[in-house]
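Paired with chain B in one complex and with chain C in the other, chain A is shared by the two complexes that follow.
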Partner chain A sequence: MPKVELQFSGGLESLTGGNKVVKVNFSGEQVVLEKVIEWIRTSLIKEKHEYFVQGEHVRPGILVLINDVDWELEGKTSYVIQEGDCITFISTLHGG
Partner chain B sequence: MVHSCAKCQQRATVYDVGGSKCDFCFQQAIIHNFKTTISRKGLAQFGDSVGVAASGGYSSQALVDLLGRSLFEREDGKTSRMKLKVTLFHIDFESPLHSSNSNIEVIQSLAAKYSFRLCTARDNHSCQQLWRETFERIAWKDFKDTSDFEELSRILVYRMIAFLAQSQGCKIVFDGLSAHSVCRNILTSISSGNGFAIPFEVSPADISGRFFDVAIHHPQYDITDRQLMRYVWIRKIDFVAPNLTLSRLTASVDSLTMSFLKDLEEQHRSTIPNILRTSSKVAVPLQFSYCSFCRVPVGSNGKLVSPLTWKIHDKKDNEEKVVTRLCKACQHRQRRMSMETFQLFLSSLMAFDKALEYKEDYG
Partner chain C sequence: MTTKGTLDISRYSRQILLPQFGKKSQELLMKKKILIVGAGGLGCPAALYLAGAGVGTLGIVDDDQVEISNLHRQIGHKENLAGKPKAESLKEAIQNLNPSVQVQIILQRLTQFNAMEIIEGYDIVLDCTDNALTRYIVNDACAVFKRPLISGAAIGMDGQITVYCASSDCPCYRCIFPEPPPPNCVGSCDANGVLGPIPGVIGCLQALESIKLAANIDDAEPLIGRLLVFDGLETKFRTFQLRKRNPNCIVCGDSSKDFCIAEYDYASFLGLSPSFSIPSEKRLPPLEAKAKLMQTNGLWNDHYFCIDVRPSVQYELCHIEGFHNIPLEELDSKCEEIQKQVNSGKSIFVICRRGNASQRAVSLLESWGINNVYDIIGGIEEWRKHCDPSLPYY
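Here is the complex of A and B:
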């Protein structure tokens, strides 16, 4: 049951009730990032889902980091989360 | 599988165009891009007084940090040869779109790190007067969607930035427009009938003269949103983020266009470079004037509207008939607002422009 830390930034924290950091225990042995994203979409974000996902995929324009490494270098949605991992979601949809 | 940095073979952490990189090499690449743009495009010269439009968002925070590092650091440890006097300019009026108080703290913190001066609009009488005459007086119910809020904010903010810069002796201002923002502006110019503005939108140097003596350049014009956010994240720089619960992705042309760009880029990685490269081939027109409302360069498709009678702000309080020209986008904007609101904005903006042109106070 890996326990991971989810971080939200770039405005996404406003969709998680203002929580920039959420710590979650996921049940199961081989939990892939796709399942984490599904959980966030269905259980954590209550409104404006379109800012986070597009269908079943993370919306283009959202950076996903796994322990501060771009998820493209870690297998994207097929990455198997480990105990203590930090998954970060950052929206770049609104410039500054 | 562990990926290696394309430059130093250390472990790669950033997935980037041109090869994945480690944190250090990625930062060096961004700084190099930034400094090269400033020098090759002639955005500033040694000893210039430069302003920075600092909103507190990740893009302008990256700009401040890049400028600070460019001025104080060099890879070989020697003192940087770039010497500029930098002042940050921040518009800190509250509007329905922005919360102003938290913005200033993140900017102040970064300004202090590099000993940059910070100048705010609230401290400037002319900017205050313009704000009072426009945003504080308009009836928000007159606006049909958030596009107009955002665009009017931008129209006002850029003028105020130019005014603040001029008041502090800066003829050059850097803004944090990223490659994505430049492409969005190009596409929205096309879709709103302002294709004439493309060569001005794509140029990193302000070649329009739209703000008279003050030029607003875009030194980050070919750095993407992703790269800027990644840079800010690696450097652990604070920035102000929007409250997404208050906005809608489909609410404005700008946000729809940005969303379209990012969707397209997901499938076609070269979308942004292609738009920039193609747009840069459009020739800069030799003759043009300016939209009286938004100051975008216009050619023959800028409609001449009826002469507008308004009082100029001089000691004799004379009335003057002026002929105003509107770009296509502002013509559409005029139709979406009440005439009273539009004229209120237009007369205030034109009077402010006059003060900016002749370096006078406004109000």
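Here is the complex of A and C:
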């Protein structure tokens, strides 16, 4: 039952009712990040899903970080969630 | 005053006194050429701090003019220069601050056709732009020339900064974002708003990172391979570790030699469709629209139902009396209400900020079978010019 902290930044917090931090317990032993993303998509985000996903994948322009490290370095969606992990979703900004 | 080429000790004494900086860093800095792409909220503070520090040459690329609505954040410009090119205005501010800095201005938008020529002559480039297209173009040129790219961005209460293309395993923008965001997910300061100090903070950090690289400061750790995220609402800074350079990247990868910026299809890559337009018989200039909407006695003609499809924040900022606010993305949910108005015999007029969203709205309403629906050309901005100058420009 890993307990993880989900963080949303760069405007993505508007999809979670303005919550920048969401804490959640996942049931099961081997919860992979893909399941976490599916849960965010189906249970956490109520509308404008297209700002978070394209199909089932995190949309281009969003960086995913596992404990402050780019998920590319941690196995992306197949990463197995550990107790106390912090998963951050950051939408890249373009304004200047 | 000192003669050209000699070190102005008193001007730079406070930074030369820093043990990590010293005379050697000052002399290095004065030999460097740094290019700032975008003379806006990021480019202004970055340019001023770099000028103060004594960078040898500053280049400024911008094709835009100073507007009053820029001044709360673009602090290099002055009110009396409104309407003047931003690059010229910023050049003036730089020269007032430090006349020994050489300033080269390029009064053009950076495009895939001029980027190589412009960027090649500089040691370091700052991305201070405000759109995804130019960000990819700046990146691609820096990747080709292997120029360190100090990339800043700000919107709302959030800022981000990192350094690309600065070493053999340092990623470029495309390594991190090989696919661009969908166009509807890209915000802008014009549309979404921004608090002035947010780009101020990021622009200052861009100047700092540039100085660290240009002056080769001892023990410095530039933001290479790290992304700094600034949350201005909670006043928090965090840095995240980014992936390394992608060997398969099309612009900086191991077999990217054939990449040609001028030939690359940026419009398809970014999904930029040519601007949306509906047939001209469905569009009315503001004066003609007003003549229909207002009766000769000055009263509103109730044969029309008028919709303002801008976001509600903008509607609250200013609107034309008699227009109902239904933001574009809420049109679907208000279908019934609109149909009811049509069934009672009314025609529909749609307005937005500049005349793009309203055309999309007209097209959407037509797809529901509504035929008596018209777009007001040029939106609130044109209405202001032709019908009601008391509406604020924002």
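The criterion applied here is as follows: the second predicted complex is superposed on the first by the 92 of 96 C-alpha atoms of A that agree within 3 Å, B and C clash if a C-alpha of one lies under 4 Å from a C-alpha of the other, contacts with A are read in each partner's own complex, and residues count from 1 in each chain.
We adopt the following convention: a contact is a pair of C-beta atoms (placed from the backbone, for glycine too) under 8 Å apart; a residue touches a chain by one contact, two chains touch by 3 or more.
None of these values were measured; they are calculated from a predicted model.
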item: Clash or fit, chain B versus chain C on superposed chain A; value: clash
item: Which of chain B and chain C A:Leu15 touches, first, second, both or neither; value: first
item: Chain B versus chain C as contact partner of A:Glu56, first or second or both or neither; value: neither
item: Chain B versus chain C as contact partner of A:Ile90, first or second or both or neither; value: both
item: Location of chain C clashes with chain B - one stretch out of 297-305, 333-341 or 351-359; value: 351-359
item: Where chain A meets both chain C and chain B, residue numbers; value: 9-11, 50-51, 54, 59-61, 63, 65, 68-70, 72-73, 88, 90-96
item: Residue ranges of chain A in contact with chain B within the complex; value: 9-15, 47-48, 50-51, 54, 59-61, 63, 65, 68-70, 72-73, 88, 90-96
item: Residues on chain A engaged by chain C in the complex (per definition of touch); value: 9-11, 20, 50-51, 54, 59-63, 65, 68-70, 72-73, 88, 90-96
item: Contact footprint of chain A on chain C as seen in their complex; value: 38, 40-43, 127-132, 135, 152-156, 158-160, 176-182, 184-189, 192, 194, 199, 227, 229, 231, 234, 238-243
item: Touching residues on chain B, where the partner in the complex is chain A; value: 3, 12-15, 20, 55-61, 176-178, 180-181, 225-226, 228-230, 233-234, 239-245, 247, 249, 255, 258-259, 262-263, 265-266
